[in-house]
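Inspection log for the structure reproduced underneath, given as structure tokens.
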Amino acid sequence: GKADATKASAGGGGQAKPPSTLRIGYIGANKLNVPGGSEGWGFYKGLSQDELKKYGITDIQFIGFPNGPDLSEAIIGGRLDIGSLGDTPAILAKSTGAPTKVIHQNASGSNALILAKKGGPTTLADLKGKKVSVKKGSYMHRYLAGLLKKNNIKDVQLIHLLDDDADAALVRGEVDAIATTEIRALKMIPQGFPVLDEAAKNNPDLVGTGVTVVSESYLRKFPDIAKVWNELRVKALDDLKKQEEAYYAFLAENTGNPLDLVKKTSPVSQLPRETFTDAGIQMLEGTKSFLLEEKLADKNFSVSDWLIKP
Amino acid sequence: MGVPLLEIKRLDKSFETKNGTVRALSGIDLNVKEGEFLTVIGPSGCGKSTLLKIVAGLDTDYAGEVRLGGEKVAGPGIDKGFIFQEPRLFPWLTVEKNIAADLSLKRPEVRREVDRLIELVRLKGFEKSYPRELSGGMAQRVSIARALLRYPKILLLDEPFGALDAFTRAHMQEVLLDIWQNNRTTMVFVTHDIDEAVFLANRVVILKPRPGEIRDIVPIDLTFPRKKSSVAFQELRYKVLSAFEKLDELELIESAGI
Amino acid sequence: MRDPLSAAASQATAGVRPRQKAKRKRKLESLALGALLPVLLLAVWQLLGDAGLISRLLFPTPLTIAESLVRLTENGDLFEHLRISVVRAALGFVLGGGAGLAFGLLVGFSRSSERVLDPSVQMIRMVPHLAIAPLFILWFGFGEPSKVLLIAKGAFFPLYINTYLGIRGTDKKLFEVARVLGFSKPKQVVRLVLPSAAANILLGVRLSLGLSWLGLVVAELMGASSGIGYLMSEARQFSKTPVVFVCIILFAVIGKAADSLVLLLEKRLLVWRDSYSGK
Amino acid sequence: MAQQANLASRPAAGRPESRSWTGVLRTSLRKEKWADLAIGSILPVLVLLGWQLAGDYGLISTFFLPTPRAIAESFGRLAASGELAEHLGVSLGRAAAGFALGGGLGLLCGIVTGTMRRAEHLLDPSFQLLRMIPHLAVAPLFILWFGFGELSKVLIIAKGAFFPLYVHTFLGIRSVDKKLVEVTEVLRFSRSRQIWRLIVPSALPNILLGLRLSLAVSWLGLVVAELIGSQSGIGFLINFARQSSATDIIFVGVILFAVVGKLVDSFVRQLERRLLGWRDSFDG
Amino acid sequence: MGVPLLEIKRLDKSFETKNGTVRALSGIDLNVKEGEFLTVIGPSGCGKSTLLKIVAGLDTDYAGEVRLGGEKVAGPGIDKGFIFQEPRLFPWLTVEKNIAADLSLKRPEVRREVDRLIELVRLKGFEKSYPRELSGGMAQRVSIARALLRYPKILLLDEPFGALDAFTRAHMQEVLLDIWQNNRTTMVFVTHDIDEAVFLANRVVILKPRPGEIRDIVPIDLTFPRKKSSVAFQELRYKVLSAFEKLDELELIESAGI
């Protein structure tokens, strides 16, 4: 992959000119039609656009997806150049042969929690023989399954439910617990649902990470994209650190979530400066082996080959 | 013949249409005694079918009074048999099921009676045919059999023999007279055939059109069986004819030989 | 004149056989014609895939899909998924379609119930399935009842509206006949309205059946661990595209088979019709 | 020929009388319409009332089912900001385009397969197969083929709108009375005249029914069509609200779906009433 | 009268139904000359409508030969006018539009001709009425006008006057004879009325039923205008009657006075 890319740029004789259009996918139905994080901020403020213009990229399109597999499919189909999604769906797609490379990992991205129903289980061990709902194929799935394995809790029945369906099932008491995102959990906790576990607090190795992937075909057209992208990102990060309140307000408006919850769940302090960290790569490896072990992913692949390290 | 079974008083009926009001009937006064055979003639569109439908209770939107057996007609019912101008068969039912209609052919008395009527209207062999497989006259005979099956107190017939050839028609006239005489069914019979009107009736009602009014009522005091060639018959026939239309039309009668 | 059939019948039997043969031939012809497009599509698809003109990752070729189908059938899982889905769809159809038929009859027959009920029914018709799934779970859980109910909600409307309008299409002239013959209300329904509305009701059945079947996709999104709809969404979540296609094709083929069954029924029930059959 | 004169003359008073009569008819009709509206609202109003009370007394979880008042407040907020009108406009445009395309094709294909048996044998089985392919499964494929723009959204809606009109047009045509077909043959109608003067009017009740179902499908198809790569529309509004569990906004969307859908439906029924005035059929 | 316009040779027709085969016509041999007025009578269900439909080209599934103007009849066409036994109006069209059918009323010559025909069939004032607002006879007159509008070379009429009263019927007979004499239209006219058959025809064809066969053809060599009361007319009428049915039925004729 990487060799290909260099060959392409060498063959082009100097600077290959990327297409004027760049298509970026993200997960969510965001009002401002940009992703969150420093990447989103850069585009929100117009900083990144200015930079990309230098490379002749004048038309930047954003596309929101309801979930990871849809985004992966769009990349495979050549409809997207770059996409940010959860590590679990990205690995699953890669294991089926998706032509992607990772250009950035947000290692401390996604916290998840296990909430129990009222009057239900009070400890993780109580989950034995119970029903727990989760959106299968998501990072919560990986977290829950990893957690159960780690604690050697058997006979747990995993129920596939979409997020708001899961909340309803919990309220009704139809499931004994749910594995859910932090922000959704924060809305449920005040209603009296006890927390059985929190990934970031108790099992930092199981939090979801987010990856930004680029399609191999785009990489051939613009071999420097990884470098350029990360430069943009760092620049945006520096900018947003100067105005944290404005950043939170942006996130709240973009996602429709209340400001206080946004501050809690997406603190600026967690936005990484590095392109990759060892801990992050460790987590990717862990997730991959887990998915293979569980037979959720078909084929093995090399994580280090997958990443475009600076 | 008994008390008046059917009383019609100052009956007025108009239809409201997009193009204005069509006055179909106006000031109809008529009594029909129990067991009487009344025939109704009149030009096309003069309101004969409308009158019959009102008596049947199918149309209750009129001015005036219509009483049957002393009571206001509220709606249709099996005591009032009706033979429509068109056959109106249920296309999804075979001949025998059309005749039985809502009665079950599994009941032996229904089965027997339906078979008898099919023979009477000369449709043996077509019991299991669907309406689309019948000729016009055959369909009309099915609809006659259907009405006869119920032995109503009063039978309202709207040109029932219009699609029948002369011989089948004569046969059906005999059948009808038989039923009338055996069951004392009161008959109100609309026809276009003046001979038929005189041949069957105790009285012939002649309507004139636009609005439909009674022009004349001619009593036919001939005994049964009647002979159409008899002088008395021909005289009455002429009387009905002259009542039917004004004199200048009678010239047409002469020449056309109606 | 009294012996229309018997004399004629014997003479004609000679002509029956060639007629039947011709009929069978026509049937085969139409079948072949109908298979033409799907077969062509599959062939082109396979060729394009083999030539590398379409992404085999996104569009696994028919052969790959077939292999995947074989693999799925080998352990018997697929049949279990299918069985469960068919039962769900059938229950939902019976419940929703049955209610649609009943309400359609009620509203079709009575102006007053039409005025009270129809506006609300039409509004509920316009409520999106996906948006109210959480409410279904909240009220009915995510067990069988809510799945069946969600399917039933979809199945309700085509039958409702076709029954209702089928009744309103009944020839007034025949209604007059029924009234004159003193049909009781139930007899009016059974002997007049249902046969007369039969074509529309059967169409409603076909559409409702289709929606019940397709409704599985959304219904089995709600906490299912079995069923073909579940199999499909799970395969999507895990990017197992050949399995997704196996499911899509199963949806299409089984749905079409059920549809053809109703068509067959229609042909039998509507023999009495004398209507246009195309050129 | 005095009879002829008789036939021709209408009662002298006919005209003015009839005018006043139609006037009466019209006002009584209008009255009836208001009465219909009132009666039709009884159920919804009762439901709303019960819902509000149940919410106020804590009988239902307002987290999932906000009270009508809360929904109305959200509605007011969204409407005041002009957001709602914009989403609605965009969605109406998409649904209309998708409906025009899918419904139009459905009508056309229905006429073709309905009037030509060979075309039926060739096309109908494939159409029926396609009808049984789930919406949610093809939406991603449409995006692969046609991109994220309006085109794929319109096409997703069109796919849904196609079938009801197709199936109903086909059935309507195959229900045309053969007796009337014979009339057009005897009068030697051209093929197009036969279609427009006999087959379409006669199939019209069914075509209009198909129209209503197609419109509904187009409208509801927005939820799926606006799932991927959307920034506006009622479907997007609902998806956005789902992302942040804003149930009051979800309900604003759901209610908009119901109300606008019902309005469009009522419009078609009005059309039905006008176009099918010639019918002599049972009216309840 | 010219060359044979219509030639029918060894025509056989049967219907296959679930209940077996119904032989409707058998061994029909018939020539009709150009400009001839042929009337056809026969009992209900004997195959008259079937014969007419085959001549019209509406039914091509038969054995034998049917040629019109020397050519095999391949399908219906406007050179062959047809009046069906039932009115068969388009329910969504008004009277005038039903008559115009596929012709546009905006064309002044169509408009004029339609108005003239509406007057002729006595429906003035009902131009804008829909079929459901018409009486049975009125609907039938609309369908007659529709067929007349096209001035076909041959006109096939299936009991066109069945639902008309005696006077309207006499009027319509005059109208038809006028058209026949002015345009030399060839007429094949099915009727149940023997008087009518004799009054209009150059030849009367009498069919017998099951299977439908030609029993007899009676030439009517009376000049026009004819008088129904004339002795010559009555003699021909009797001749047709006796050809119609066997002798024992003739007794019925006597008594019923057909």
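Read from first to last, the chains carry the letters A, B, C, D and E; within each, the first residue is number 1.
Quick note on the criterion: a residue touches a chain if its C-beta (ideal position, glycine included) is under 8 Å from a C-beta of that chain, and two chains touch if they have at least 3 such contacts.
Bear in mind the structure is a predicted one, so any value in this text is a computation, not a measurement.
Chain B maps onto chain E through a rotation of 180 degrees [Cα fit, steps of 5, range 0 to 180].
Centroid distances from chain E, each centroid being the mean of CA atoms, peak for A.
Among the remaining chains, A is positioned farthest from chain B, on the basis of C-alpha centroids.
The busiest chain interface, judged by C-beta pairs in contact, is C-D. The mean-CA centres of chain C and chain D are about 21 angstrom from one another, to the nearest whole unit.
Rounded to whole angstrom units, the spacing between the C-alpha centres of chain A and chain B is 85. Chain B and chain C have centres, each the mean of its CA atoms, that are 48 Å apart. Multi-chain contact residues of chain B (touching two or more other chains) are listed as 22, 43, 45, 86, 245, 249. Contact with two or more other chains is made by residues 73, 77, 164, 167-168, 171 of chain A. Annotation for chain D: residues 3, 7, 9-10, 61, 64, 144, 179, 242, 279-280 touch two or more other chains. By the touch criterion stated above, chain C contacts chain A in their complex at residues 55, 57-58, 133-135, 137-138, 141-143, 221-225, 230, 233-234, 236-241.
Chain A makes touch with chain D in their complex at residues 28-31, 33, 61, 63-66, 70, 73-74, 77, 79, 163-164, 167-168, 171, 184, 187, 191, 255-257.
Of all residues in chain B, those touching chain C in their complex are 53, 56, 58, 75-78, 80-82, 84, 86, 88, 90-93, 101-102, 122, 124-126, 130-132, 146, 150.
Contact residues on chain D toward chain E in their complex (touch as defined above): 3-4, 7-10, 179-180, 182-190, 193, 197-198, 201-202, 204, 278-280. On the side of chain C, the complex with chain B involves touching residues 1-6, 173-174, 176-184, 187, 191-192, 195-196, 198, 270-274.
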